[in-house]
Structure formats: C-alpha cells, structure tokens
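Chain naming follows the written order as A, B, C, D, E and F, and within any one chain the residues start at number 1.
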Amino acid sequence: MKKVLIVNLNTTENMTEKMKEAAISVKDEDTEVEAITPEHGPVTIESSYDEAFAIPPVLKVIEEIDQEDADAILLGCFCDAGVPAAREIADIPVIAMEEATLSIALTLGNKFSIMTEKKPRVAMKELHIRRAGLMERLASIRPLGLSVADMDENPEKTKQEGIKLAEKMVEKDGAEVLIMGCAAMAGYKDEVEEAAGAPVLDPTATAFKVAELTADLGIQHSKVGLYHPPSPKEFK
Amino acid sequence: MKKVLIVNLNTTENMTEKMKEAAISVKDEDTEVEAITPEHGPVTIESSYDEAFAIPPVLKVIEEIDQEDADAILLGCFCDAGVPAAREIADIPVIAMEEATLSIALTLGNKFSIMTEKKPRVAMKELHIRRAGLMERLASIRPLGLSVADMDENPEKTKQEGIKLAEKMVEKDGAEVLIMGCAAMAGYKDEVEEAAGAPVLDPTATAFKVAELTADLGIQHSKVGLYHPPSPKEFK
Amino acid sequence: MKKVLIVNLNTTENMTEKMKEAAISVKDEDTEVEAITPEHGPVTIESSYDEAFAIPPVLKVIEEIDQEDADAILLGCFCDAGVPAAREIADIPVIAMEEATLSIALTLGNKFSIMTEKKPRVAMKELHIRRAGLMERLASIRPLGLSVADMDENPEKTKQEGIKLAEKMVEKDGAEVLIMGCAAMAGYKDEVEEAAGAPVLDPTATAFKVAELTADLGIQHSKVGLYHPPSPKEFK
Amino acid sequence: MKKVLIVNLNTTENMTEKMKEAAISVKDEDTEVEAITPEHGPVTIESSYDEAFAIPPVLKVIEEIDQEDADAILLGCFCDAGVPAAREIADIPVIAMEEATLSIALTLGNKFSIMTEKKPRVAMKELHIRRAGLMERLASIRPLGLSVADMDENPEKTKQEGIKLAEKMVEKDGAEVLIMGCAAMAGYKDEVEEAAGAPVLDPTATAFKVAELTADLGIQHSKVGLYHPPSPKEFK
Amino acid sequence: MKKVLIVNLNTTENMTEKMKEAAISVKDEDTEVEAITPEHGPVTIESSYDEAFAIPPVLKVIEEIDQEDADAILLGCFCDAGVPAAREIADIPVIAMEEATLSIALTLGNKFSIMTEKKPRVAMKELHIRRAGLMERLASIRPLGLSVADMDENPEKTKQEGIKLAEKMVEKDGAEVLIMGCAAMAGYKDEVEEAAGAPVLDPTATAFKVAELTADLGIQHSKVGLYHPPSPKEFK
Amino acid sequence: MKKVLIVNLNTTENMTEKMKEAAISVKDEDTEVEAITPEHGPVTIESSYDEAFAIPPVLKVIEEIDQEDADAILLGCFCDAGVPAAREIADIPVIAMEEATLSIALTLGNKFSIMTEKKPRVAMKELHIRRAGLMERLASIRPLGLSVADMDENPEKTKQEGIKLAEKMVEKDGAEVLIMGCAAMAGYKDEVEEAAGAPVLDPTATAFKVAELTADLGIQHSKVGLYHPPSPKEFK
C-alpha cells in the first residue's frame, strides 16, 4: 500500500480534480491518491510572476502534511516551479512533472518535441531543457498559438491544430516522442498519437507513475547537493 | 495483470536468476516476471566483442517469444547492447537497463556517477553517456579496479573499496546520485548508500520498475526514427 | 542624471547598506543610488526555500516603486532569484547580479571560477551556469567551507582560506578570472587578486556598473520571450 | 609496399567489388588491395537488426585473416557497425568508413551535411554524430527519400534529387562539405559537387586513403580504453 | 576623468569618425574619446585575409600610444581580429566589439541573432560564437545579402530588408535580442527595433560603454592564460 | 607524382629543415617535398602577438608560389595561425597542423590529450579545441613547464618529464591518444609511446600525410563559407 499526494500549483480546484482523475486512471491497485489545492496563489500559472506567488503556499502545504503518512508528492504543474525548494524540505520523494516526463521521453526515442500554448513560453521551456542539460535530445518546442479560452471554446479546431503541430514535429523537426506540455490538449492525446504515428506523453499520467516508481523503490532525492536542507533562520 | 520478460544478455543462468530475484523484490503485486537465458553467447559481457556475439541469440529469443503474452521486455545487461535492434523488431516496450537507470537518476539530483569494474570500460561508459547526450549531468565514472573473481573472493575488501569509491564520487566529483554499474557490487548497495549519504541506484531493480511503468501507461518506443522496423531481406 | 534602485533580496538592512556603499564607490558622477530592503522575507538567502519566500516581497517592491522615477533596478543577491518575474513586470532594466558578473567575466579571460560558501551550494551554482549555457567557460566552483558566522569571527583565517582557494582555481582549474560568489569575502578582494595574480570580480560593483550601462544605452530586456508580461488573472 | 584489406559488412559480392574499384582508383602505387565478402549475414545493411547479424561473421573474418600479412583493415559500411569489436581483436589499424570520412570533412570547412537514403535512418546518423561528439560541426542530415531499388531504376531522377538535396544543404543548412552517406549516389559525386559548389566526399575512397595513412605512419588504435582486448571466456 | 581610445581596424578615416560619433553620443560626461586610424592595412575588413594585414599596424598603434594616458582601448571592428595579441601587450583593458556586445546581449534575453552582410561571413560568425562557447544562446545568424555598396545606394531597400530579417529572427528563429553585426545597418537601429519589437544592439555604442565600465571598475584582462605577455624575441 | 609545399610559420631555417626531414621520413614514394622559410617574422611562435607578425609574410609566400606546380600546402606550426586566410587565397589544399592531427586522433580512441610547453598556452589550446567543436573528445592539455631552452639543455630530464606527463594523461585524465603539441618533444615520441602504452601523434608527420591524402583524393577546402575568396580592395 502506498500513497501519492498530488499538490496542484495553481488554486483551481477543478484542475486539481482533473489531475487526480488522470492519476487514478493509471495508478497501481495498491496506490492511494490524494490531491490538494493550495488556498492562496494564482488560478493558473502562465508566467514567472505567477510561479513566484504560487510557490510559497505550496511549500506551506508540504510543511503541513504528514510526511509519515505519504510515500511521494507530485507537484502538479508542467512548469516544475518550486521543485528545488520542495525537495529541500521534504523527506519523501517530490516528483516534478516536466522533469519526470522528460526522463521517460528519453527512453522512447532519440529526440522529443514539446507542445506549448503561446509563443512567449517557448523561451522558458527551452531554458528548462538547457538547465536540465538535455538540449541534444530536443527536437523542437512549438506553440499552439491558442489561449486556454480559445481551446475551451473551439475543441475541434484545437484538436486539428494539435494534430498539425504534431505532424510538423515528426516530419520537419525529427521528433520521435511528443510531449503534451499543454494541459488543455490532454484530451486529444490519442488522436494526436494516431495522426503523428509517434508516442505522445501526458505529463500528469507519466509523472504520477514515476512517483509510484520512486515510492516502490524506496528512493529519495539526493540531499548532498541541490536539495540540501535549508538552515533554520529568521523570516521577517 | 501484466507480464515483464527479462532477457539476460549473457548465457549464465545463475545471473538470470539473480536478476529475476531483484525484479521480484520490487515488482508490483499484479506483475508476472519471467526470465530467459539465451542458449548461445558469452558467459559474461565485458567487451564490444562479447556484445557482438551476445546480440544475435537475444534477437532470436525476442523473435520467438509470444509478444501478445507479455507487456514489456527488460534486456538484462548494463551495457544496453542490442537495444536498438530489439526495439526495431518488438511490438512491446524494450527497456534498456543503463538508459532506464540514467533516466531515473536524472530525477534525483544534479549529477550522477557510475561505478564500473575495470578502467578500460570507463571509456565505453563515457561513450554511452555522450551518445545519450547526458554529459552535462555526468559527475564521473570510476572503476573499482577489481575483477569479478577478485570481488567474489574478497567480499569485505570489495565492500570497502566500493565505499571508498562512492565517497570520492560525492566529495571530489560532485556526484549527488550513484549508479552501481557493476553487478558484483549490488549486494552492498545499502552500505554504500549509508556511507556516501547519497542515493544509490541498482540498475536491475530500477529498470524493472521502468518496464512496469511503460506497461502500465501503455506506451511504446517510437517507430518513426531510431527504431523503425527493418525491411525484410535475404540473410546469407 | 540617472537613478539606479538596488533592491536587496533579503531583509537585513545592514547588507542593503553595504551594497549601497559598494555601488557608491564605483558609480558615475551623475548616478543617484537608492537602496531598498523588503519588509518581509528571510534575513539571508542560502537555499531555494529561502529564495521562494524572498521573491514575492521583492516583486511587491517593484510593483510599488515609481518606474518613471528610476532608470534601472539591481536585484541584490548573487543567486539571481526572482529575476525573470521582476523583468516580466518591470518597464526599466532589471539587472541580475550573477548574470551581469558572468557577462563581464567572459570579456576578461577564457575561463572563470566562482567562490561560494558551502559545498551544497556548488550544485546550484553549476545549475545556474548550465542554465545560462556557459559551461564551456566555467573552470570551477569551489566552496570556502566556512559559514558566514565563521567568516565574521575569523577574518584572518577567512582571508587565508580565500587566497588558498583562489590559487587552486588558477593553478589547478585553469581559471583566468575569479568571481567572489560569497559576499563575506568581498572585503578581501584586493588581497586575493594579488595572491592569485588574476582579476577578481565583486558582483555588487560589477553588476551595478552594468545597471548604469543599460540605463545609459537606453536598452531594455526583451519582452518577446522569457520576460513577456504576465496576463492579468485572479490570485486567491 | 603495404596491403589494405577491405572487409565488406554485407554479403553482396557485387558491392565488395565496387568498393575495391573505388579503392584502386585512389590507391598509392605501392598499395595492394584485397577485398573480402563475409559468408554469412544480410545482403544489405539498413537497420540495427541487419547490423547485429552482420557483425559476428565479420569478426570471424578478422580472426581468420593473417594480420602479419596486412597493414590495415577497412570495414566496408558507412554505418561503422562492428568497429569497436574489430578494433579490440585486431593488431593492425581498423578503419571505420563513417568516422574516417567525418574526420577528413572536419578539415575542409566549418560544417558538413550527410546525405542518406530514407528518413528513419536520419535519427541513427544523428546518434552517430552525437556519439562522436561532433554535433557542433553538423549542418544537417537529409534523406533522399528514395529506396535503393528506386535509385537503380531511375538514375536521372536520382541524380536530380541528389543535386536538389545538396543545394538545400549549402543554401539552407549552411553546409560547406557534403558527405555521400548513400552508396547508390556515389556515381553522381562530380555532378553534385559541381551543382552545389562545395566538396563532396565519397566515404569509400576517403576512408581507404585514411587506411593507407595509418599504415604509412605505423599508428594503431589505442588499446588502453575503448578498444582494450577482450579477456578470454567461454562462449556457449 | 577617463579616456577611451578607439582604434579602428581598417584604414578608412571616415569610419573612424563614425565610431567616434557613436561613442560620443553615449559616453559618460567625464570620458574623453580619442579615435585612431592605422596608417597601413585594408580599407575595409571582410575576410580573414583582410584581418591578417590589418592586425600588425594596429599592434604598432598600441605599442606606440602612451598607455599611461588612456584607461581603455576599444578595437573597432565587429570581427574582433587582433584582440588576443592586443591584450597580450596592453596594460590597460582592450575591449573587443563583438565579445562585449555578445556579453551584454546575454543579459537581455534567452537567445540572440546576428545580422551580417553576406552569406559567406555567416560561417565565420558562427565559428566565433562556438569559440566563445555561446552556441546555446545563439538563435541565428542571417545575412542581408547586400554589399556595402548596395546598401549605400539603396537606403530605403536596405532598411526594408533589415526589418524583414529582424522579423524572421524573432518569429522563426526565436531571437529575443538582435545584434547589428553590420555597420551599414546601424542607422536603421530604431526602425528595426520598433518593427521587430525586440532590443537591437549597436556594437560600437555597446562596446564603448563596456570600455568605460572596465575603466571605472579598474579591471583588467587576466594575464595568467590567454593573454600572457609574449616573451621577447627576434623578428626577422 | 605530387608535390607538397611545407611553409614554416616562423623564420628559423633550422626548424624548416627538421619539418622537411620529418615529412621525408613518412612520405609516399611519388611525393616531392619542398620547404620554405618566410623572410620576415618571428623566429619562434609562442603567443598571439608572434602569430600576428608571422601571418602576413606567410600569405605573401602563398601568393608568390606557383600553385599550378604544387598539390598541397602544409602550414608548419601547431598553432594553425593564418590558416583561414591562406585557404581563402589558395586554390590547392592548405593543411593545418593542429587540425589535421586532431582529425586523425579522433580515429584512434575516445579522447586525446595534448602536451604543450608552458602553462599559459594551455588556455589558447583549449580555445582552439572549443573553436573546433571537439571539447567532448578532449581529455586534457598539460604543460611540460619547461622552456624550449630548458629542453635543449636537459634532454634526459625533458624525456623523463614528458613520460611522466604522458602517464598522467592516460592514468588520470583518461586519454587514449596523445598529441605532441610541443616540437621539442618530438624526438622522444617512441619512448613516450612505450611508457604510456598509448599512441602518440607527431603533428608534422601526421599532417604531412593528410596533405598527401587530400592531394591524392583531389579534394579542396570548401569555398562557400569560412574560406570564401576575399573581394579585391585597396590596402594602404
């Protein structure tokens, strides 16, 4: 029996629920899933500014949960905001959605592409890949060019745009694996996969399975470097 | 219910058994494990020459198994020999021990080190990391400098040498995660982990869990590039 | 006439004053310097956890200042925490201490080394260099191994350790330029420079001059990618 | 007087003959050329699967030849399959066609492009370049998109497609040197070179000259790392 | 009070004057600017051949000036020819136009693009970026495809081509910062900036400010490596 | 029958003779060797300053020789100074000593080390490797720490130091191939090779054979990028 806590980075309950459902649909029989929405912070995360205000409430959640009672924490945002800080204070594995998805993508083909919402986020995504030292495995990052609102209103158009993007990634960019960096696209994973002829990873499901894997193996983040526990100090 | 087939790369039944045991010790409840030793090939794999003769019998095994009946194949050698060819002909995920272990290591800290047997294998390991595009995450590859026979005869010395190596990796090389690239060391994982203060990954257990993960997610290697199915042809 | 605002990342007034003094000692005649200490946040920043709580109050400061009245903002921490978010909301240049110092270091020699306080911060510094795509110019990151308290109590020992470290960086690591990544060392810059025979950069002074430079040139961070303004939204 | 042995990787005599002719057309006066076709293995090599079955017969050839009697061995496939194993057991230089051609390409311009047959092989070629640590010199890898059969049937079309590809490599990809990674194109080298205005390397001729060079210099592959002789062991 | 010497690399007085004007338009109040045209050498620098003949006269200039009387030297060519030699013999900072501009570009966004005159110079520019270890920050190098004469004759067309190029750099290549690698374009900086919506750096102005910065900080190039003073010797 | 011209970069006749001898000792039967010492320039090349004055006289030599009468030019300095300019104006291959040696080293093992004279040259060598995009194949660059005069006076000590350096390169740095970046060491090649157990390349001999190879293959440097012919212009 193991328990994975999903901590949403944004404050939209409805998205927390969707992540929980995605997790439940792929979970091991013996896994208990709990999903938490922080009380404070932005309703969606689309910028570094949003991330900045999302992180402290999430760290408070991690400080308050009973770590004895859980086996792994999945931070629920493809932006991986707050991950180093969360790992510094957690005694159980903290799984980062983007990082875990990239890791699995590396085992499925030579190069991966990431689908994102809007063009300006492409640069931040690329920064993440470079920070991770994985530029040589990146085929491309392409934006859908649709806002989340657009996607909600025009599901058929969204699907068609997603398929076009996926085909370009495979045909022009040399991608062998595609990553749905864009939650609003998750519902079209199967259609995109079929059209592109290449595996498509849904970060929520993929990272959730990595959370289970770390729990099963009893492995934990290294505390000798990046995630060394912070020394206690005064906060004004 | 899912089934993972472990296919040993070498022809030593005893090692096949050990891998199976390592797998069983971490497997999900609903996973069936089967382990196969190829009929032909070298009894251990320590060189590219050994790899060359190990691969064709393993491919024959993969061609003969009933892929309908299994959900994932784990190729049992930290050398990852034969992986591209196996993936070209398999319709279920083929998990590579080194690749899967590296992927999980990436999620646990900034840099990893690999422990190997003898100095000349260091160059080949480094070639693998470069081929994988992961050089920026490599802290070091260090050889124990003991033959497998030495290790079998001197367990206490082996453990002590392994601990010394692990401490150097953390202290001098900046490693945050250690990989037991050397099967003969696997029994000392816990002691090494405690001495080094950093997580140590056992490739067999780690890669086996990745095999389960791919089976659970229903994902498969991409067939549009590296692992495109071979066209049929005459073999003389 | 131009005005540079220094915004300290931590909440220790005394450190804000020291930064202001360092700035004044190198400023152009026509530059006005103002230094601000945020009301809330940690008294020092030594971890990602500390950074997480330091950033939101700093963003509030930036939102409240009159950007019409200033020509550039210098974020006062060698960790560069909060920089992307600050740039998203600022209409004047936001200078990052680490980034600006690295940029100037690149113009002084082939490779640079960074002196930091404690070993666990080495991994985070390396992550920053990789994120910046500058690994090929990095000679080494070496920790003094002294706490800030140790340094305050033992100035002579601190200086001697700093000099030893600098000599290793030049002799063993091939560094041509040294960066004082550690504020407590700043007072020994001249002695270290003389002992090592290589230029030593003080991040506060260096980055302050880059702030003046951007103000004089009238250049601003690009808003088409990484620093695109955030879209307005609800914060719970 | 020196002797270079060409060992074809595939089992098609006709191709062995063509390689021999290409070698003879560029050989030094004092060079004797012998070309060997292995008895077993695939008739062409177009996948990792084909490579796997081609390698053991080639290693047998190398074990059986009289190394005293030859000065260098050229492995005849642009895939470089079997090269590490062959070098482990050979006491004379073993020249790899792709590796040798890339090495010479590096001396002729900033970046090179590789022409290959079909799109799925592009990923494998890229993996080779990354493995060799030469990504920063790669302009592009482009497939002709024609099967070998297509090329045989439509020589004029093949030539025209090759010329178009070469022009794209120079104009769009910034290639300064072109590599005929595709044997079926070798006959059009001069036309392509003229159309593209950039040097075109034929791997067989180029690598053959490197074989002569190593023989003349009396240099041999390093045996202290990648190509360390295998330890003797039982093969089942 | 400080003095910056601009040493033009070419022998065209008129260009020296233009550089001086660009410098004066951005200089600190307390900066004296002097600009020198070498007596011998090519009238423009467009090739490595031109550079070879331009460098010795510039080194003579540096040997003859009174270094006591100046605080920094700006070498006036975006090619950075002669920079290492000049730094070896100078006791005051020698600022390189390309290097300084790249350094400032790094602080303004994730990736930069460089505008150059003709296609064949693209390869040399790329070589410079690779030599500087900055490939991961390069978006693109694109040529205008116009000769300097063309640009002089057709100012409107030149401006329009420059704007088109800048838009491609931002839209297609992901550039966030643009560098005017082409002096003839400098007059259109503002129009290009407005059209592209991204900051455009003029190398002369930018590098001049870096020269002032080094003078103000009293920093000097490292003499322990790349720029070690040459040992005296006979010149025939 | 082919003719290779060696053009020494320095003005010491005696060194020109030694290069010619090294060439003759490895040349093909049908190769004619001619060696030229430029009239003007430094007697040795040990700095960028020396290089700057060595290049124009060498370019004059190349302009004056009858290129119809020769098949390849070898520029005789391991610094590769003047190579791009020479290639711009030559219609026959210009071979660069360092570049050609590195290219052959790549075919002999995973990583190479370079032996150089004095520590300050290490940075320049590293810059060359980075410029060539070959950092991932570099094991180390180590200086002997002896001046050329020291070496001439103490041959036994020089040999012993060279052997010690070579052993460190193999044992500590993981080098598989060693490059004699230091002409004064060339006489000890065999002893060093035997002591280190790894191949040692002498740049003069190696590059000379590459010159023959290019002549035999009739290949020429690409003129579409880096080595585009300079446009004619006025030189003051």
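The rule is short, and it goes like this: a residue touches a chain if its C-beta (ideal position, glycine included) is under 8 Å from a C-beta of that chain, and two chains touch if they have at least 3 such contacts.
Treat the numbers as computed from the prediction; the structure is a model and nothing was measured.
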item: Same-residue or different-residue interface between chain A and chain E, half as cut-off; value: different
item: Selected interface, C-E versus C-F, where C-beta contact pairs are more numerous; value: C-E
item: Euclidean distance of C-alpha centroids - chain A vs chain B, Å; value: 27
item: Separation of chain A from chain D, taking each centre as the mean of its C-alpha atoms, in whole Å; value: 43
item: Centre distance in Å when chain C and chain D are each reduced to the mean of their C-alpha atoms; value: 51
item: Per-residue overlap in chain A, given as positions that touch at least 2 other chains; value: 109-111, 122-123, 127, 130, 133, 135-136, 174, 176, 224-226
item: Interchain pairs in contact, sorted by label; value: A-B, A-C, A-D, A-E, B-C, B-D, B-F, C-E, C-F, D-E, D-F, E-F
item: Chain A residues within the chain D interface of the complex; value: 109-111, 136, 174, 176
item: Residues on chain E engaged by chain F in the complex (per definition of touch); value: 11, 39-44, 46-53, 55-56, 59, 82, 84-85, 88-89, 120-124, 127, 130-131, 133, 224-226, 228-231, 233-236
item: Partner chain B, residues of chain C touching it in the complex; value: 122-123, 126-127, 130, 135
item: Interface residues, chain A side, partner chain B - complex; value: 26, 28-30, 95-96, 99-100, 102-104, 106-111, 132-137, 170, 174, 176-177, 197-199, 201, 205-206, 209-210, 212-214, 216-217, 219-227
